[in-house]
Amino acid sequence: MSTGMVYLTRRERFNAAHKLWVEAWSDEKNQQMFGKCSNRNWHGHNYDLFVTVKGQPDPVTGFVMDVKELSKLIKMTIVDKVDHSNLNLDVDFIPKGMQPTTENLAILFWQQLEPHIKNCKLHSIKLYETENIYVEYFGE
Amino acid sequence: MSTGMVYLTRRERFNAAHKLWVEAWSDEKNQQMFGKCSNRNWHGHNYDLFVTVKGQPDPVTGFVMDVKELSKLIKMTIVDKVDHSNLNLDVDFIPKGMQPTTENLAILFWQQLEPHIKNCKLHSIKLYETENIYVEYFGE
Amino acid sequence: MSTGMVYLTRRERFNAAHKLWVEAWSDEKNQQMFGKCSNRNWHGHNYDLFVTVKGQPDPVTGFVMDVKELSKLIKMTIVDKVDHSNLNLDVDFIPKGMQPTTENLAILFWQQLEPHIKNCKLHSIKLYETENIYVEYFGE
Amino acid sequence: MSTGMVYLTRRERFNAAHKLWVEAWSDEKNQQMFGKCSNRNWHGHNYDLFVTVKGQPDPVTGFVMDVKELSKLIKMTIVDKVDHSNLNLDVDFIPKGMQPTTENLAILFWQQLEPHIKNCKLHSIKLYETENIYVEYFGE
Amino acid sequence: MSTGMVYLTRRERFNAAHKLWVEAWSDEKNQQMFGKCSNRNWHGHNYDLFVTVKGQPDPVTGFVMDVKELSKLIKMTIVDKVDHSNLNLDVDFIPKGMQPTTENLAILFWQQLEPHIKNCKLHSIKLYETENIYVEYFGE
Amino acid sequence: MSTGMVYLTRRERFNAAHKLWVEAWSDEKNQQMFGKCSNRNWHGHNYDLFVTVKGQPDPVTGFVMDVKELSKLIKMTIVDKVDHSNLNLDVDFIPKGMQPTTENLAILFWQQLEPHIKNCKLHSIKLYETENIYVEYFGE
């Protein structure tokens, strides 16, 4: 079947602690900007991570990519490093001082994973912080 | 981090009554086109509203937009006016005689909210009428 | 297999309009008690209805009850009468003047369905009004 | 209201059995590529199918397309043929020997449905195999 | 804290094929009783399995039971045997000729798991076949 | 309508950080028992809290309890104290040294809320830590 692009998405999940806090700011300014998210003693979330790759299905296997392989790559480059972590303190690929907002996490996750996707292309990172808030990043 | 666009989505919810009914049509024609949705005495839904804005995360806060501010704007311009309302009778920004279909609501919600989004851009309105039906509108 | 009770649940869905409004009360008292739910022009919901029956699985078919038959009974006695209806005005088994709260609906649905369940027993009616509110009724 | 495109989505569901198995390969190679999905005796899934069409809402009805009509078309061209089927053996529009992967199914579903969409355009087929895996196809 | 019973639930998931078919019956009778579920070539489901145990939380760990240990036991006694299987053909603990209905599966899963639960008690098996159908079994 | 008990449930949500860590134990023993949950720098969750009360619906209002009042009580006694908190450090009603497991939280939440429920009875606390793990407590 000669066809166009198919987009394949894999969900992974992780739990982590974080806070939003700008060191250069006073307590008051942090409280004013970040509200409860600036709690000094941290809070946390169950994150839902959706990774989408795109490509043409292989004519024999019917796979854009082996989804088990995609799952392994997401775990190796992202989930194993952030699951049950403190996003401000524990994760080597999150620069110190960068706010671990959902927006920044999505960009950093792209940078972690993208070099490992072969034969098809990374299309998007979608990250849920709560059932009411998510971000998407397309690498551009 | 110099990056591209990040898309940030906030969900809000509301409940409302409506009916689909063209005044210029006979009862039979309304029944034929709209079926049960034309019930003279109304029916209703729990609507799920997803609003997406896009922009570059602020280098200090890591926010495309303060999601609490986005939530307030959605409530002020849309949810406070439609929640627990009758969409045919009670809402000032829905023209009388316009069918309150999910399609038309999405467009009207865009028009309500778009002028209030500053520093980043409104990207889409996604509106669920039931778990099986939703629409998306991108303003163009 | 000689076993104990197995509980079988079937979900059905319907959409309806209603308001909460006690005729004998002033507008102010209705507003005070029922808040936005007392909107004169109605509001509405997507209701999720879970009906549970209990019995011993038939040794040949493995069924407590044919779930397609259960679905038909729920539709015949409840859903066909309330779907796309106005719960205050349109439903013959809801007494005029009785508030169509989720609590009262659950009890009335039990009374509608229970006489039709043969060979096994009706165990419960569970009714979601929103994702955040549901009631359960066990007939006693 | 002169407006742009609105995207309307309808969800349908079906259950089916399948296996992933390349006839030309040894058992070992099938096992290596497809893992548990190559089980000779089949396995199965509850599939969630989201079909999106796009168009301008009709100025009178407010519909991009009658969603009940869309539902009928999806059932007629896709769901009635795949529901409670064996995707490798029972479905006339799935070529023998083609792997019934989620990717290939999405493309085939597009080809089945697209000729039947009138007055608006088919935009995408989104197919969930599990809560963790889905694909999207846009016809190009 | 001297307290009463706490009920702890763990969800696991599996995918499987099955059909409902009584050997002693004609094709017509099977079709009449089981409808599409009697398709000779099988169909399948994504099953959601909820296992609940009850006990008093340990005063030091705060655990009724280590939920990771519970997960392992469910996998060892149930999921590893039914995941990506044919429930009529492949599973040693499902008696040949017994219909693999959701009801019978719940009872058999109880029998598989119950002897392995130590220090607390198995309370219930809850098994979803689709989002609209589930059963519960309490061992009595 | 003279009827039996109706059970009314309200969901609230909160996000928090915690760790599982017994002070009297070595690092190795904590790691062995609690695994990743013992991360020194905390991790966190989105918690879903379902509170159920039971009673007879009021003959005039049709309410077991005003669900807005129930929501306020849950927020006042529980959610306002745990939302965006560190469960090991910040919450006055969680004894220092008690593990903030889902089991212990459910019991403590019961103790917080129960004295405030008037005219009907608290029936259960159900608390989700992840989509795969939840506990229930019935006060006895």
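All chains are identified by letter, namely A, B, C, D, E and F, in their written order; residue positions are counted from 1 within each chain.
Everything below uses one rule, namely that contacts are C-beta pairs under 8 Å (C-beta built on N, C-alpha and C of every residue); 3 or more make two chains touch, one makes a residue touch a chain.
Since the structure is predicted, the reported quantities are computational estimates derived from the model, not experimental observations.
**Q** Under the document's definition of touching, what chains do subunit B and subunit C have as common neighbours?
**A** Both-contact set = empty.
**Q** Would you indicate which option in D-E, B-C or C-F repeats the interface seen between A-B, with over half of the contact pairs matching by residue number?
**A** Within D-E, B-C or C-F, the interface duplicating A-B belongs to C-F.
**Q** Please identify which chain has its centre, taken as the mean of its CA atoms, farthest from the centre of subunit A.
**A** C
**Q** Could you tell me which chain lies farthest from subunit B when each chain's centre is the average position of its Cα atoms?
**A** E
**Q** If I list every residue number at the interface of subunit D and subunit E, are over half of them used by both copies, so same, or under half, so different?
**A** same
**Q** Can you work out the whole-Å distance between the CA centroids of subunit C and subunit E?
**A** Between these chains, centre-to-centre, one finds 28 Å.
**Q** When the centre of a chain is set as the mean of its C-alpha atoms, what distance in Å lies between subunit C and subunit D?
**A** The mean C-alpha positions of subunit C and subunit D differ by 33 Å.
**Q** Where in subunit B do residues touch two or more other chains at once?
**A** Residues 131 of subunit B touch two or more partner chains.
**Q** By the document's touch rule, what are all the touching chain pairs in this structure?
**A** Every pair of chains meeting the touch criterion: A-B, A-D, A-F, B-C, B-D, C-E, C-F, D-E, E-F.
**Q** Once bound in the complex, which stretches of subunit E touch subunit F?
**A** 1, 3-12, 52, 57, 60-64, 66-68
**Q** Give the list of subunit C residues in touch with subunit B in this complex.
**A** 13, 15-18, 36-37, 39, 41-46, 83-86, 89-90, 130-131
**Q** Using the touch rule from the top, collect the residues of subunit F that touch subunit E in their complex.
**A** Touching subunit E from subunit F are residues 20, 22, 33-35, 98-104, 106-107, 131-140.
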